[in-house]
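Note that chain A is present in both complexes that follow, paired respectively with chain B and with chain C.
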Partner chain A sequence: MHWTEYLNPLMQGAWLTVQLTLYSTILGAVLAFAAGIGKTSHNRIVKAIAVTYIEVFRGTSLLVQLFWLYFALPILGQTVGLDLRLPPVVAGVLALALNIGAYGAEVVRGAIQAVSKDQYEAAKALNFTRRQTLWSVALPQAIPEMMPSFGNLAVQNLKDTALVSLISLGDLAFRAEQLRNFTQDSTTIYTMVLFMYFGMALVVTALMKTLERYVGRWRSARG
Partner chain B sequence: MLFGIEWDTSSDLAFAISILPILLRGMIVTIQATFLGFFVALVLGLIFAALKAAPLKIISWPAGVLTEFIRDTPLLIQLFFLYYVLPEYGLVLPAFLTGALALGLQYSAYTAEVYRAGIEAIAKGQHEAARALNFTSLRTFTHVVLPQAVPRIIPAMGNYLVSIMKDVPVLSVVTVLEMLNVAQIVGDRTFNYLIPLSMVGGLYMIMTLVASGGVRWLDQTLPKRGLSLK
Partner chain C sequence: MSDTIIKFDQVVKRFGALTVLDHLDFNVQRGEKVTIIGPSGSGKSTVLRILMTLESISEGIVSVDGEPLWHEERNGRLVNASEAHLRKMRVQLGMVFQQFNLFPHMSVRRNITEGPVKVLGMSRQDARERAEELLEMVGLANQADKYPHQLSGGQQQRVGIARALAMRPKVMLFDEPTSALDPELVGEVLNVIGALAEEHDLTMLLVTHEMRFAREVSDRVCFFDKGKIKEQGTPDELFTDPKEERTREFLKAVLEG
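Let's look at the complex of A and B:
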């Protein structure tokens, strides 16, 4: 087979990889903000939940989490009488988002705590509630600081999507393995796939840089 | 039965206890792969860092592009690439070694950055002072740069050691019998995935807590202002 004939099946896989990356990055960002803000909370229960979530998902391997959600969770559901069988797409997006969200949470927490003390004191002097302080004072300054790390995490997440091929989702890595089984032409196929992932990573990096410039305006607005 | 150890399915607790030694066998392989991969990453990373710092653009530019390429592509694909492509060129390695090589290759792109940052963090004044004292550049590197760079580099490297440990399960795809693979096999044969996979999660938590505790200890113990040469 000529290498151009590999393009079509590989592009189909790449499209699923793009979708998985998009969904899990968005869900992961939501989780990162929830857990990151939760960890700075004064409410002990909220803080304990956030800390436990972050520690468990940062402390174990992504592949273990993925397999646990896909293979072990249904059995746990059975014993409590619930149907917790997840379709591979849901298990994949969930595992990726939970994992990247835990790493992102530490970035969010770090950036919020790096906002200078004076800002919090000024907000207090102006009689801001804690919620107002968070949304109107801390976050607009903290979010631009998070962006470089978020950019790295987004690329990390794109790379991690390759693991969902192991629960038989037809992403780029899965299509590559299928083609290899069929044609035995490993060198061509895997070289193409490496360059396709590299290309996608460059696009993700460029998009995150654009987003970084956009939210960077929030920082200067406080003037 | 796996590794000659029988499991006891009479109750969940008995099952968990009986498969623990089997999982620990897998854990030994996980730890071996972690350290071998880490070693490869340290050596390759140093080479990449040196090439990227080369004064000749014709050397430093390709080295920079190559490390960026390695950093931006998934470990799984790099592993498949090494596993299937190297034998076509006559280099047949056992799965374990291919896996450790892939881990080392992926993380060399990260360790190269750690070396670079650690060395560049040394203030310019230090170089000027060494020159004023008539140190040769080799002596400046071994007696001024390294003693200050090493305490900065070691904790960052430790964090990558923990990351490598968490990536070892990927090697299960090329039949390496690390902890997750062992748990999957137990699950396949007993139709009970919940207990082995949950145990792997728990054992991973313990390993990462111990490892990151060690890294934090190193970070606090190493002298911030540089190692003493006396």
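Let's look at the complex of A and C:
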């Protein structure tokens, strides 16, 4: 087979990879903010939930989390009489998001706590509530600081999507494996896949850079 | 009739083994302009930080306008103040910081309107008009759209003053407002503070090393040493004829320094 004939199936796989990356990164960011802010909470229950989530998902392998959601959860559901079967895409997005969210939570927490004490004192002197201080003062300054780490995590997440091929989702890695089984043309196929992942990673990096400039635009005001 | 707005009654503040305020008694009358001077570590900034509720107290009672600041009455007993009580008390006080502490991600206008809108519930329109007036007053009428990092230190501190005034406090606390400034920028900030001192109702507490300025604007100067007021009096009394040896040493060191 000529290499151009691989393009179509590989592109189909790449499209699923893009979707998995997009959805899991967005959901992961939401989880990261929830857990990261939760970890700085003065409410002990909220804090305990956040810490437990972060430690469990950072402390176990993504592959095991994925298998657990896809294979173990439905059986567990059965024993208590619930249908917890997840479509592969949902299981994949969920596992990736939960994993990336746990790492992102530490980034969020770190950036919030790195906002200088002076800023918190100024907020207090203006009689802001804790919530107002978080949303108006701390987060707008912390988010630009989070962006480089978030960029790394997003690229990491893109690469991790390859694992979902193991629950028979037709992503880029899965398509590549299929083609290789069929043609035995490992070198061509995996070289193409390599470049495709790399190309997608470049796009993710560029997007995150743009986002970084946007959320930190006050820092570059001139005149 | 004496009308006490701030009262420290046997207040002790400890940081670990270090005693910063040592059974301090200190009163300020409504509308009075009081300057606190003294060597570093004498507890002078701590007095302001306690009033702004940035620092709690270890013993004693602090009252603002007749009501305890760090305590509240519950079932007839004084207990430690809740956050709700502190929030209620804080509206009476405004603070200007040595390092300005402006919000770097907000424009000058937003720095000034954020508090009135979010905390006082003022409409954005009213808050903006008020901000314009205040910026006019501190001589920065055209700078509302700039960000703090685009301003000089002196300009930033004037925004800091406008931001605190926007909350309409009864008492303004100035914590070494010119100490972080280049010498040539000190004057413009002192001018603004000096103009404020003309306002009859506003109570001002100023911690500073600017002795000449203290002499011009204050009704009373307090010399702090080792967590207590060592000596106090009108500027003339304290600067020209200090009674205490320690005060004389300090003034000699600062004025010749």
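We adopt the following convention: the second predicted complex is superposed on the first by the 217 of 223 C-alpha atoms of A that agree within 3 Å, B and C clash if a C-alpha of one lies under 4 Å from a C-alpha of the other, contacts with A are read in each partner's own complex, and residues count from 1 in each chain.
Methods note: a residue touches a chain if its C-beta (ideal position, glycine included) is under 8 Å from a C-beta of that chain, and two chains touch if they have at least 3 such contacts.
Just so we're clear, the structure is a prediction, and the values are computed from it rather than from any experiment.
Once the two complexes are overlaid on the shared chain, A:166 sits against chain B while remaining clear of chain C. In the superposed model, A:214 makes contact with neither chain B nor chain C. Shared-chain residue A:177: touches chain B; no touch with chain C.
In the superposition on chain A, A:187 makes contact with chain B only, not with chain C.
Judged by the number of chain A residues each one touches, B leads among chain B and chain C.
In the superposed model, A:63 lies in contact with chain B only, and not with chain C. In the superposition on chain A, A:15 contacts neither chain B nor chain C.
Within the complex formed with chain B, the chain A residues making contact are 55-56, 58-65, 67-68, 71-72, 75-76, 79, 155, 159-163, 165-166, 173, 176-177, 180, 186-187, 190-191, 193-194, 197-198, 201-202, 205.
Residues of chain B that touch chain A in their complex: 69, 72-78, 80-81, 84-85, 88, 165-170, 172-173, 180, 184, 187, 192-194, 197-198, 200-201, 204-205, 208-209. Across the complex, chain C meets chain A through its residues 52-54, 87, 90-91, 93-95, 97, 99, 101-106, 114-115, 118-119, 146-147, 149-150, 163-164, 167.
Touching chain C in their complex are the following residues of chain A: 118-119, 121-122, 124-129, 132, 136-137, 140-141, 218-219, 221-223.
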